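To keep things simple, chains are lettered A, B and C as they appear, and every chain counts its residues starting from 1.
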Amino acid sequence: MNPTLYRRALEHTIGSPQQMASRKVALERFFTHGLPTPRDEDWKYTALDFLEQMDLHAPHAAEDWASEDYPGIVMRFGNGRLTDADLRSIHAHGLADHADSPLVVRYLGRLADTLPGGAALADINSALWQDGLLLHVPVGWKASPVFVTHYASESDAMLHLRHLVVLEAGTEAVLVEHDQGTPDLPYWHNSVTEIVLGEGARLTHIKLDEDSAAATHTSLTLVGQSRDSRYHALSLLVGGRVARHDTRVNLNGSGAECQLDGLFIADARRHIDQHLHVEHAAPHTTSRQTWRGIATGRGRGIFDSRVVVQPGAQKADAQQSSRNLLLSPHAEIDVKPQLEIHADDVRCSHGATVGQLDEAQVFYLRSRGIAADTARALLLHGFAGEALGLLKNAALSDWLEPHLAAALPLLNKELTT
Amino acid sequence: MLEIRNLHVSIGDRPILAGIDLDVKAGEVHAIMGPNGSGKSTLAQVLAGREGYAVTAGSVRYLDRDLVGQDLLALAPEQRARAGIFLAFQYPLEIPGVANVQLLRSALNSVRLQRGESELDAMDFLDTVKSKLALLDMDESFLYRAVNEGFSGGEKKRNEILQMAVLEPRLAILDETDSGLDIDALKTVAHGVNALKHPERAVILVTHYQRLLNYIVPDHVHVLAGGRIVRSGDAGLALELEDRGYGWLIPESGSLEEMRP
Amino acid sequence: MSQPEVSHPDARNAELRSRVADEYRWGFVTDIEQEVVPKGLSEAVIRLISAKKNEPDFMLEWRLQAYRHWLTLTEPTWSSVHHPAIDYQAIHYYAAPKSGSQPKDLSEVDPELLRTYEKLGIPLQEREALAGVAVDAVFDSVSVATTFKDKLESLGIIFCSFSEAVQKHPELVREYLGSVVPYTDNYFATLNSAVFTDGSFVYVPKGVRCPMELSTYFRINARNSGQFERTLIIADEGATVSYLEGCTAPMRDENQLHAAVVELVALKDARIKYSTVQNWYPGDAEGRGGIYNFVTKRGDCRGDRAHISWTQVETGSAITWKYPSCILRGDDSVGEFYSVALTNHRQQADTGTKMIHIGRNTRSTIVSKGISAGFGSNAYRGLVKVLPSAANARNHTQCDSLLMSDHCAAHTFPYIEVKNPSATVEHEATTSKIGDDQLFYLRSRGLSEEDAVNLIVNGFCKEVFKELPMEFAVEAQKLLAVSLEGAIG
């Protein structure tokens, strides 16, 4: 490990003396274990040692850039910093500007700094975060959809984004994280999103990762759910050279419910490692996971999911499903669907498959006059597109659809019109 | 239109069809009947080009305008479909994530291109499909559901006939389309098939029971047993089978195993 | 070097014994004079064991290599099981019934030992023996008797204790020992390689179908002793063999270590079926005592169309930690793993399998049934790995857990790694409890609650039981019923 690298980056951060103190504590915490290695069971399939070979540094400039149109409030970030905040925004703010607000002081790090066993990447982020979103919806409000869009354009930059979402009791929001970068530019984007859902609050959270094909993207989403709250996430992971996405949901209140859906496409030389962890910490909690993956070219996709039912969390209901298509001889899929049950009155199941497109379906389409390649592309699109169907939100799926189509290998464009 | 000569087919080293001869002319309806395991469905699948069957002898010629005398067996499944051959599957496949309308449109346009016709735009396509939906008493919402996913048995069969009606094939092969249908659905399906009858088209009905033939009257009935056609006749033969079953037509030593050389 | 001591088993409190006898009826101690090597592990002890067994040099060398390697290792901690540290210097690595030399036939076997096996339901007199089952009886560190040897010899089948194989068939031992589980494999396998004392050896020659079930019955008797047996089964081209293993131990308050290694080699077109009914002493209801069952079992389908099938019913041991595995090297080879693991009281199990697909068209099936009751903890851990060479590989895994108390735990940790695009791997897992409505339904038909539970549990395990040879399936069902007594209520 190279502590100087991180110490130098710390010098580029700003904040109140209190903040700076807690950043230093986080950095020291990171130094005690360093970057994870494949010797850590949770990092068995992903090595990050190459990161410290890069000329990593804090970004110099927050460059503004022209983003696509989004159907909602837009918070635009460039190289880790807020470059353009939507003037219509009532609930969405820049986190750096509000770092000393009582709300942020109260909630920031509450989930990330208390992870059992520590989490190196969360610690680096807590030490070095530059900016991010603060989304706070007070009681009685329903927020407009918020699009947090980030663009990386500096080579070897270390971009630590930090987002904090607090939905108070009974409120509702839609959050979309969209990450991009200059094509083929190497950089390291390490984001942490902390989400606190009050009683009965509902959040739909979309993550679209389209980072550059040379980028490293590590992300950690932490969700704490109170009674009767609902968290629905859809991740469309199609970017980066090495990507690692962790989602950890704590179902702390009875009646809390989470639905984690995702799709990854590991094509070319892409390595996408996804970890889901759901803790059923209260009775009558529900979790659903529907994850799909496609690996082709020399791509490698890893899906690791852990559902824990804690003692006393009776009537927990957990279902995991992981379906994967392995389409080329040099691609690889690794799946680890795990259940840890410490209560008896539960309904838990998981299913995982790794295989190919169903040749009987291909034949069926061909018998209707559709060429074999087109039939395969149609089936692939159907397989991937089902992930969007789970969203049950036409505006959002319409926005996502072209992004999905662009990411799909073999896809015959005319089929999607 | 279709000329099958001495067709032998096996799966692995197990023979299924042991010398089929059959001529189907434009405008005709043929019924192929027979007990379970007689090879009826194999014949239907082989005509549509399903992989996994080995044709060990014989030929199938399809006498279409564009493919005069061409060996059908050399064509890929989609080439056969574009040449006007349609198989209504006994067990239609569910294809999650792919909407019915996507399938229909891709299929219709590839068939039209083959015929030298232009692709239909979305509006014309919808008009075409809607008229066919009405024919089969189907709701428009069917179009936007994933292909056969969560369909009842009857809905799946109707969906097959809908595809047939949209593609307007020259040779339609219906594999046990009547199985699992209640009487109302059976009538609807039969109505759809009858509406498609045309002097330029032929239909092959593969069925175990005579029931469907009350609604679609065949010109010829063939009984398949032990991988061969053991008797051919007119519609009367089907009625006779209804009375007497298949037993009297199957030779005592008629099992295929014993016919092996 | 100190002289071997002779231990006299202490008289156990008879009342205590009878009180708990219902729970673990195999828990008696045999009063027999034992020859025991002093506690502790050192090169000297290994040399002593090797010398006692009159082993050729290559064996001693192999043991010493293993021992030196073991010294460089640390005990693994990745499993889900928890136990106090094991003091490897507090274990007797050799214990044997005291007798002059290896008995030549049953008339030379100590009658007390014969009575022990009779009490365990394993008569060693051939006229009384289970028809069609040849038995090798292993008592602590050594094999005491092997039945039906002559009959098997006439077919060229070698079925004998490992010690005897080392003496009589050193070339086979040398060729195959460690060829599936090398002495460097893992902490406990390495320990076993250094100190193993006996076990069973089977060789079935080309084209021979073994006409009877071969069976080994393992019994730990001595106090503070570990049992380190080693089993090696070789099925030559086209050979078929079915092998059964059973095990029990006396009830003792301290934990005893059982670290066995089983190696199976199936050459071209060979079939090996390996069944285990594991009933080591599980400890008492509070978790005192019981066997630590840390075992390495692996089969190698070395030739095309080889077939290895593991079936295990694990009801005993305080801790079970093992993964009977298959290396599917030959094209079209098949691996199977059928398992029932039950944990009651404070028992812990971390068990499963590895299926390594290397050859083309290789197939594997995994059926794992975990039952957790009391404070028991049951984990399935498995790996299905499809290498790039394994075109058209197929795996299906079904992993079910049945929960019977609100203090128990059931975990599933499957690893699936696929590197070939023509492979199909499917994994399913469910967790459920015995439904109150199911119980009510059966009771309303006149079944007692216990019978109802047994019926449901047997139904849950059916797919595995049907893989067992018949007598063992019956035995396994009884064992489950006994192990679950009082689990509901």
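Some notes on this structure:
In this text, contacts are C-beta pairs under 8 Å (C-beta built on N, C-alpha and C of every residue); 3 or more make two chains touch, one makes a residue touch a chain.
Computed from a predicted model, the values in this text were never measured in an experiment.
In summary, no chain was found to touch both chain A and chain B. Most remote chain with respect to chain B, judged by CA-atom centres, is C.
Between the Cα centres of chain A and chain B there is a gap of 49 Å. Work out the mean CA point of chain B and of chain C, and you get 57 Å between them.
Once the centre of each chain is set as its mean CA position, chain A and chain C turn out to be 44 Å apart. Within chain A, not a single residue touches two or more of the remaining chains.
Taken together, the chain C residues at the contact with chain A in this complex read 78, 388, 401, 403-433.
Residues of chain A that touch chain C in their complex: 41, 311-312, 314, 324, 326-356. Remark: chain A residues 358-361, 363-372, 374-375, 378-379, 381-386, 389, 415 touch chain B in the complex.
Within the complex, the chain B residues that touch chain A are 48-51, 76-78, 80-82, 86-87, 89, 92-93, 95-98, 102-103, 106-108, 110-111, 114, 146, 163, 167.
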